[in-house]
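Input: a single structure, listed below in structure tokens.
All chains are identified by letter, namely A, B, C and D, in their written order; residue positions are counted from 1 within each chain.
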Amino acid sequence: MSQKFPAPIKYVSKNPAFRDLINDKISRQYFMNHIGFHLTHVEDGYIEGSAIMEPFLRQQDGNFHGGVIATVADLVTGLAAFSLVGPHDRVVTSDLKISYFSPGYGDHIFARGWVLKPGKRLHYCEGEIYDIRGEESFLIAKAYAIMAVIEDKNKEIFKK
Amino acid sequence: MSQKFPAPIKYVSKNPAFRDLINDKISRQYFMNHIGFHLTHVEDGYIEGSAIMEPFLRQQDGNFHGGVIATVADLVTGLAAFSLVGPHDRVVTSDLKISYFSPGYGDHIFARGWVLKPGKRLHYCEGEIYDIRGEESFLIAKAYAIMAVIEDKNKEIFKK
Amino acid sequence: MSQKFPAPIKYVSKNPAFRDLINDKISRQYFMNHIGFHLTHVEDGYIEGSAIMEPFLRQQDGNFHGGVIATVADLVTGLAAFSLVGPHDRVVTSDLKISYFSPGYGDHIFARGWVLKPGKRLHYCEGEIYDIRGEESFLIAKAYAIMAVIEDKNKEIFKK
Amino acid sequence: MSQKFPAPIKYVSKNPAFRDLINDKISRQYFMNHIGFHLTHVEDGYIEGSAIMEPFLRQQDGNFHGGVIATVADLVTGLAAFSLVGPHDRVVTSDLKISYFSPGYGDHIFARGWVLKPGKRLHYCEGEIYDIRGEESFLIAKAYAIMAVIEDKNKEIFKK
């Protein structure tokens, strides 16, 4: 990575099995698998992944489709939030904002997402999307996501 | 459409050929065609379209993938903005924000986008995404896009 | 109002005393009172208000300060959300986005806010800010707010 | 500052007089001066400032008003963008988004803003707002701003 921005603050997950839960979740993530996006790094509150940019993921001019960039942004921020919630909780995307800085046209897309501020109800997350052109990488978009924590409805029962 | 919000203000395109230009553009929109999204209505500053929600466009729980929703939001708002610019200009997505209200799980996705405020440099656009469940439709997300107008560099030459 | 956009969908409050609660709340809203913003219309899920734009509310060039526009946007969307929650609940701003279309430089600012999509946890709201220049009004900004519902902690007790 | 996030990437201004221009601009920033916000650090593409949180800048519950937080966010991101443009150019806020993490109730507000990605037309900026409680500081909000560069119309004349 030739251009990489400072690492965000790291949080510690309260769920020791979060890696297994993420692996289980993504095995059934049809659209994610369809576009060939796979995770390359999984940490508490921090996720990295990449995909080969096949022709079908591009626009009429050969650039990465904005919707593909939004998709990988949603994935890395959502999984980063998911890694921090309780073993029976889940997260849903409440709001996703992407700022597109410049077009991507390289061979790969790389994305990383992290939790900026975890909360009882909402996890505020950020993500970066890079265009990988051979040995070089370029930040082409930044993402801001609000992930709502959906608490396990049976939690009270489990607690007993 | 059982649930449809008030129609936005309409603008008039200065480009008489905007329908042809949109048809030409989408014929080469690989990702849009790949997910099966097709336009059902094209007007000055206003676009509608829909897609059958095939299994590969869904998440692990069968709901519409947030990235697919973002993709169709980008398409309808971007084409709405494109319909209002000059014959040799184009638009790029500068910023895209999606508010996700509730999960989509029906058969079709329907999206409409419009230009809320056109400008010399930026077109502020909005879009709505509906989940079509048989005869009923539900607003599941709203999109806000800022489309930058890229003026034709040769405009001065053409003007002569 | 010479330029007014379509009215949004209206919701019905479950709290019969919401007008009194809003009046009580704003009587202690120091910053709102300081800038001279007062409500002109209060309805279930819909709020209007205005202020005389005194010189101290402007920028170096005489235009309305972006922060003042954000302030009135926060007020009308927050109160619109507040009007729909339960008698003992309250709302806090989770996220506020303002799109600035053009500068304001008239005598008054007028703002209206409404709940686009109410929810158990989050109320998605929108607002419009107008510049009032004599008899004419101009839409100068649009606001998008996510208001989190803070449920009364003693609700279970009250329910008994 | 007890809690401070990693420093962003720094850019170099092409305008050697940017400090003087910022000082001149803020001397006529009526609303900024009215709320008592003053700059504590000025650098190429990076601005810090703070204010004593007088009672009139608060809500009914004594917390910092969301509009005040938006105002200081607009100021530090706008001035950060302004520091990087040409000597005769200026910037206007096109879009401002604030994510509110937790309420502020301390004695001072501290804000810093920076340019994440400068561009010919748009500068993408970020900002952080801290609540200063005695010796401790807490990140209470993050801001994302899109500042449009307004090029000096007489630039061609000056170039000759």
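Criterion: a residue touches a chain if its C-beta (ideal position, glycine included) is under 8 Å from a C-beta of that chain, and two chains touch if they have at least 3 such contacts.
Just so we're clear, the structure is a prediction, and the values are computed from it rather than from any experiment.
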Name whichever of B-D, B-C or A-C reuses the A-D interface, so over half of the contact pairs are the same residue numbers. B-C
The pair out of B-C and C-D sharing more C-beta contacts is C-D
Could you give the separation in Å between the centres of chain A and chain C, each centre being the mean of its C-alpha atoms? 33
Go ahead and note the Å separation of the Cα centroids belonging to chain C and chain D. 24
Quick one: chain B and chain C, Cα centre-to-centre, how many Å? 28
Which positions in chain B touch two or more other chains at once? 94-95, 97, 99, 146
Show me the residue ranges of chain C that touch chain A in the complex, using the header's touch definition. 94-95, 97, 121-122, 146, 148
Looking at the complex, which residues from chain A come into contact with chain D? 5-9, 97, 99, 101, 116-117, 119, 124, 139, 142, 144, 146
Flag every residue of chain D that touches chain C in the complex, lowest number first. 25-32, 34, 55-60, 65-68, 70-72, 74-75, 78, 92-100, 103
